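My questions all concern the structure below.
For clarity, chains are labelled A, B and C in written order, and residue numbers in each chain start from 1.
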Amino acid sequence: MNILETKNLTKRFGGLIAVNKVNFGLKKGERRGIIGPNGAGKTTFFNLLSGYYRPSEGKIFFQGEDITNLKPFQRSRIGISRTFQLTNVFFDMTVFENVWVGANSRAKHPLKFFSSAKKATEIAEKAKEICEMLGLGDKLHELAGNLSGGDQRLLEVAIGLSTDPVVLLLDEPTSGLSPKESVDLIKTLSALPKELSIVLIEHNIDAVFDFSRTITVLHEGSIIAEGPPEKIRKNKKVKQVYLGE
Amino acid sequence: MFENLLFPFFNGLIWALVISLVALGLCIIFGVMRVVNVAHGELYATGAILTFIFLQNYGLNFWLAMLAAVAIVGIICALLEKFIYRAYEGKVSATLILSIGLALVLQQINLIIFGGKVTIMPAPLPGAISLLGVGFPAYRILAAGISVAYLILMWYFLYKTSLGLSVRATMQDRDMAAGLGVNVDRVSMLTFGLGGVLAAAGGALAAPIVSVHYLMGADILTISFIVVIVGELSLKKAVMASFVFAPLENILSVFFVPIIARVISFILMCIIVAVRQTGLIAKIRRSE
Amino acid sequence: MKKTTALKIVVMVILALIIPLFKDVSSGLLSIMSTVLIYAIYGMGYDILYGYTNQTSYGHSLFLGLGAYGFLLSVRNMNADFFIALLIGVAVVTVAAIAIGLFAVRMEESYFVITTIILVWIGYYLAMNMVNITGGDDGLSMTLPPISLGFISFSLYDPLIGYYVFLSFFAVVLVVLERIVSSPLGKVFIAVRTNPNRVEFLGYNLFYCKFIAFVISAVIAGLAGSLLAVRFRYASATYFNITYSALPIIWTVLGGAGTLWGALIGAAIYLLFVYFVSAWWANYLILFGALLITVMKFSPKGILGIIKKKISWG
């Protein structure tokens, strides 16, 4: 059974069809890459999966259940987490606090007000761990707004992981990273628990081909190819779409 | 009974026209700059007060006084946009606070230059005209005509000129308009100036009808907001909503104390909004 | 942050021990400080809404007025004792806040602002008109009930006792709000203020978080209203006027939003200024209006923001 599935998922903006009858299926523990030229609908697809957009048509299923009508916060609660192409961190808060917010949402009483936030040691430990895993361990108390662009991208990923997700949707995590940083990030992502299903949107072809078991190619809102990286590399339609632009 | 209701109804129409002007100004400011301009009532009052002062102290005739007042307010607003509001466009809480500051400053300036008195401005056109057996003050008919003229001018500007098109495009989608080459900063400056002009014009026209008082802007502010919301941010619908609200309030005033008539009108308008709320939320979502 | 805690303690000591020493020198100072403390409560409540979750209500005087009348009318019509009247005042405000919050907080920012404006004007018009109940513009007065704690009874007519009562409420509200702000809820509030969209994607019900902040701030405004009624033994429809909605905004922006203490600073500056200046310059509000604009443009974090910058620059 697919852990995440869409049936005929469509999103129209007025006359423009951004996502067109997409049937997508993700298995548990899968490492999937999504590529496609600009405007292919990749981020829109993530927006649909995370609940930011309501689909014009079609349905989304998570672990077999229809989640099409769930709001973003409900989708996060069931285990779908996403990061953003344009860095969308909490700029006025420290690195630690950024990750803490996400981790705290999984606490038994995330909105409790009768005890100090500092005393929530479990959450704090988890947040620290995630920061360290992404190489931000020495910058815990820096303001997110003061980080370098590359570190902010890492923080994006850290926040994505902070909610203990079942499915992680990463939107161009390596954009803005140096080649070495990209390689390191992909290594870190590959080392994540096997039960975590990850979908990666990327323009960095090497990174995404390295990471993914299967690649999905989107073009003008539709899936034009899907398969292992070597097959996609040789796919004529894909080459045409990328080179013929 | 009919005659008793005719006069309030007629007054309601005049009032509706004044509200339309003011609400239109509020609407374009909100639409283009996303600014909740709580100083709008003060701009209205300043229009009335400056007109009165030019009339009284400088001996200008009413029309010149109104022109001068409206022009001054418009220019001040345009300058305010450029030097104060521009840095905060789109940030609702910041621009609200700026507007509150502006409202306080304007209100006190009005108090300083006009005093706390309540004065009736002499009608520039005295006398009455008889219609359907009821006498209507000639000035009010003229004021109605001028308001209509203003509205037509606005309509022409917004729908028949390219600058007006830029304004409407920016109201629809600011980023898209900027991407299409519209100078949104200049549009904002023009819009704030124009909004001020409309508010001041409303105040100047209303001055001989209602009494001039430094706090006269208070009532029209809330009415304008309600009208803009009921009009769902659409300019045409805001004008239509004014024509629902004003006669409604005036007719209710026959049966209730004016304040209660106003409250009931507010509540009825809010109910209209609530009933159409789903449509409104979808429109807000789409415009974000 | 030991420096700031020390500073806070110093301020509290001044408030608790030094100010009352002046009670005979001029009952003026004690009197002003009593009002400052009540206004500070109002302002701190507003800070939770604006400073911590970035919701700018321009109609909070609705809750101020409801709190004032809730207390006053309970004393006048039911001969309620101090605590019962307070409870009723706060209860009325809580109900109103929940009812209003349920639909208003859901709205997009600017519609939220406009809604609060419309609601407070409706409240003002009704209060002005229902003269039999509210006394309209002139208002109603009451005889102050004593505060009875077991066998001891305090008369609120004694300005010193009144001052300590208001100080106690101020201290309690301050401690509670500081607690909330440093708790997980408080951190979530700050996250909501910083990036409300992201918070949703992390599993928080954004509406619910903002709603909690709204109700808390409204209830505190109501408490301040009740205390205001006690302070002046009187309430009038003027409390519902929009100027009273502008005041907490002035105090928090001036003092520093999102700090709680900024409200105290802002309220103190405002009241001291009004006390010393309003006698010979009636248009002092023009200064505060100009200050709002100036502070927003040049030092949006207010006075405390300037002080913090000075401290971190050494």
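Note that a residue touches a chain if its C-beta (ideal position, glycine included) is under 8 Å from a C-beta of that chain, and two chains touch if they have at least 3 such contacts.
Small disclaimer: the values here were computed from a predicted structure and weren't measured.
In terms of inter-chain touching, the protein chains here are arranged end to end in an open line.
Relative to the whole-protein C-alpha centroid, the nearest chain centroid is that of C.
Remark: chain A and chain B have CA centroids separated by 48 Å (rounded to whole angstrom).
The centroid of the Cα atoms in chain B and the matching centroid in chain C are 32 Å apart.
In this assembly, the C-alpha centroid of chain A lies 43 Å from the C-alpha centroid of chain C. By the touch criterion stated above, chain C contacts chain B in their complex at residues 50, 54-56, 58, 108-111, 113-114, 117-118, 121-122, 125-126, 128-129, 242, 246, 249-250, 253, 283, 285-286, 288-293, 296-297, 300.
Taken in their complex, chain C has these residues touching chain A: 179-180, 182-188, 190-191, 194-195, 197-206, 208-209, 212.
Every residue of chain B that touches chain C in the complex is listed here, in rising order: 30, 34, 36, 38, 84, 87-88, 92-94, 96-98, 100-109, 111-112, 218, 221-222, 225-226, 228-229, 257, 259-260, 262-263, 266-267, 270, 284, 288. Residue ranges of chain A in contact with chain C, taken from their complex: 50, 52, 71-73, 76-77, 81-82, 88-93, 97, 100-102, 104-107, 109-118, 120, 159, 162-163.
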